[in-house]
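Every chain is named by a letter (A, B and C) in the order it is written, and numbering of its residues begins at 1.
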Amino acid sequence: MIRDITLGQYYQADSVVHRLDPRTKLLGTLVYLISLFVFTKAWVFVAAATFLLICIFLSKVPFSYMLKGLKPILFILLFTLVLNMLFTKGTVLVSWWKFSITEEGLKQAGYMGTRLILLILGSNLMTLTTTPTRLTNAMEHVMKPLKVIHVPVHEIAMMMSIALRFIPILLEETDRIMKAQLARGADFESGNIIKKAKSFIPVLVPLFISAFRRANDLAMAMEARCYHGGNGRTQYRPLKYKGRDFAAYILLLIYLAAVIVIGKFLNL
Amino acid sequence: MNEYKLIADHLIYEYNKGTAQARKALDDVSFVLRSGEFVGLIGHTGSGKSTLVQHLVALLKPDSGTIYYEGADIFEKDYNRKALRGKVGLVFQYPEYQLFEETVLSEVSYGPKNMGMDKKEAELAAYAAIKRVGLEDECFDQSPFDLSGGQKRRVAIASVLAMKPEILILDEPTAGLDPAGRTELLDMIKELKDKEGITIVLVSHSMDDVAEAADRIIVMDKGKIIYDDEPRAVFTHIEELEAMGLGAPEMSYVLHELKAAGLPVDVNAITLKEAKEEILRALA
Amino acid sequence: MKKKNKEAAPSAKRKVSSFLSIRNLKYEYIRRDEENNVEGITTAVDDVSLDVKEGEFIAILGHNGSGKSTLAKHINAILFPEEGEVILDGMDTKDEEKLLDIRRTAGMVFQNPDNQIIGQVVDEDVAFGPENMGIPTDEIAQRVEESLKTLGMWDYRDSSPNRLSGGQKQRVSIASVIAMHPKCIILDEPTAMLDPRGRYEVIRAARALNEVEGITIILITHYMEEVIHAHRVFVMDKGRVKMEGTPREIFSRVQELKEMRLTVPQVTELAWELKKSGLRIPDGILTREELVKEILKLVSSRTGVSS
């Protein structure tokens, strides 16, 4: 049941997008996301969608698989659409009881919807084509300048990577403890919300104890293997930019230029 | 009468159904449990034995096939599965990791309370169960987390026993215990059967755990039941067991080797005492 | 039968050449209640002295709570002695400047296979130690390959640790330690959570490292069958070393072991029982082959007399 939840799920494939340096993908995604928010213009969205489609095509991730990623946000999507449609003031098109749909509302809803879909698809493409390890590695690199203002960059990256390793283990453990308490006659379903919340105490207490025990063991194991923070640490697979990364940056610059031109100077 | 307490009828269960990693954990499994039996369920990690016992208390639902407890189908829509878990108790592997209460007494009363007993009844049942697993009176008000590993495990077993089950299933109850702790726990389980008449299913990957106590041994491999017979009969398949990564009790090997070397011993002896007598007899 | 004093300090004589030397080590756990008052003191390690030579395979036996794991954690400076001293390869474990050197000299494999793998992929985990030691990138790759191949786990280098069996996870952990090129590996109950197949894999790996690579092995366990290949066995009870000797010497003292909540391998016990029944079988039988040979010897000597 609970094990079906996958986090940062990686889609195994051999494509140029998969092989890109994770920093390229991280920065690319960042630029792309910002571009979605700076201009609210139909043609900017067209440009963004084109850029995204090219990337999806190159990544060899099936489009149907990409669409599946939208499922969890379907509710939020519909909610924003309805909200925007009904509560934007302007030229009334249809009116019914206390509600009225305006031209501006329709437009606003369309923009918001498109923006959300493009946003989710774009960030999903990054997590689908980059292993969590490489992603945390990239974050450590990209955030390096923050070290100057005493942000513990290495520690944050290490914590993220350990969290990612232990999420599946803890999910499995939750499943096991729930089953063990069910075997002792626990009931997680009936009763009101307070009773339900209370029924989870026998799951949460053992889970926390176990998490602390694991953390303790892990700390000891790390120390035993000479871990002493990020100082003087070398890397097994240091990140190195390759030719394809420069090509990707050029493509990104072209996209950025196109978006600025369309957004700022063209009046379509 | 009432001969079959529980019947498993052609169970099939698949993990990760419909994906590339689909794997049959139970592949057409059928067997019966009789009242008052001690059954050893043996298989190595991944053989499907833990999946099977979770079906017996309706924590997993088979893809096809079903289970009857005292003649009733436990996967019927209106069947009371919560009450079933009181009658068929399951002690998970490393059960000490499920403890959560402040005192041993309240920990052990959790199950009986869930079964609908009032506070007094539940505490009486808990009291009896704690005594039953051999813990001292001082333990009652202690935090279960202050006990030693072996004692914690006893508390966890008591917490299932307190629901007064008719069948008690224990998944690898001796894992991680030292030799003396292991023997003590196995003796206690044997007593539950002999003195209280509780039907026992002991899940293990070690033949030595069950060789002495079990009336019957069920051997699983790759989701299938390979043997379901009394211990001596199962251990005659020493080579097949070996191929499954299980092997027979150490004593069987000694006697087989002696016999191969020409000493007229009966290879059916499985316990240390039997083996000793067999060798002394053959040498006399 | 109280030979306590005679047994307790058999290794107390100074040996300068020893690789690991533990002198009068004492360690206490202090339990406190909520108001921080001392509730009780448990002496986990009580006046332990022992010496290990380089290249030895040592086993430390004891029931749960006998202090064997606490002792082990002193060897690579995870715990520090309160009284006494631990000298590893000429370094005092209390010397903070030597901390990293000590830990790279003596690597440690723990009990729970899940709680000691740090990397999300097998090869990254093996690289973790060398990365911490500041080994250059090219050499890390070499060490990762060589260690995984030694443990027969090279084919799994791209796997997630979550997909491996318990025995395989422990082999990855051993490979991760090997990649640090230690002189000594401490295995702290590495097989307690494994099935027989996994146990066999891990013990075989430890023996091979000792025999082929000459790495000093310190194996902590309560499984009797695992120590029969050790050069020397120490038996601990209530924080003290109660016995020391070769497996054969140790296992000929069946009764004493039983008093310490331990057993002997089943074959040893059978031999002991047969001897008690009047058969002429020597003490300390360790394997099936030995027992069968001894019994057959009895048969042939008897037929020799009667014919």
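Throughout what follows, a residue touches a chain if its C-beta (ideal position, glycine included) is under 8 Å from a C-beta of that chain, and two chains touch if they have at least 3 such contacts.
Quick caveat, the model's predicted, so the values are computed rather than measured.
Student: Through how few touching steps can chain B be joined to chain C?
Tutor: 1
Student: Report which interface contains more C-beta contacts, comparing A-C against A-B.
Tutor: A-C
Student: Whole-Å distance, chain B centre to chain C centre, using C-alpha means?
Tutor: Computed value for the inter-centroid distance: 31 Å.
Student: Distance from the CA centroid of chain A to that of chain B, rounded to the nearest Å?
Tutor: Going by mean C-alpha positions, chain A sits 44 Å from chain B.
Student: For the complex, give me every residue of chain A touching chain B.
Tutor: These residues of chain A touch chain B: 176-177, 179-187, 201-202, 205-206, 209-210.
Student: Of all residues in chain C, which touch chain B in the complex?
Tutor: 63-65, 165-166, 192-193, 195-198, 222, 224, 261-263, 265-267, 269-270, 273-274, 277, 279, 288, 291-292, 295-296, 298-299, 302
Student: Of all residues in chain A, which touch chain C in the complex?
Tutor: 131-133, 161-162, 164-165, 168-169, 213-214, 217-218, 220-228, 232-238
Student: Per the contact definition, I'd like the list of chain B residues that touch chain A in the complex.
Tutor: 54, 57, 59, 82, 85-86, 89-92, 95, 97-100, 110-111, 113-115, 145, 159-160, 163
Student: For chain B, which residues are in contact with chain C within the complex?
Tutor: Residues 44-46, 148-150, 175-181, 183, 205-206, 208, 245-247, 250-251, 253-254, 257-258, 261, 263, 272, 275-276, 279-280, 283.
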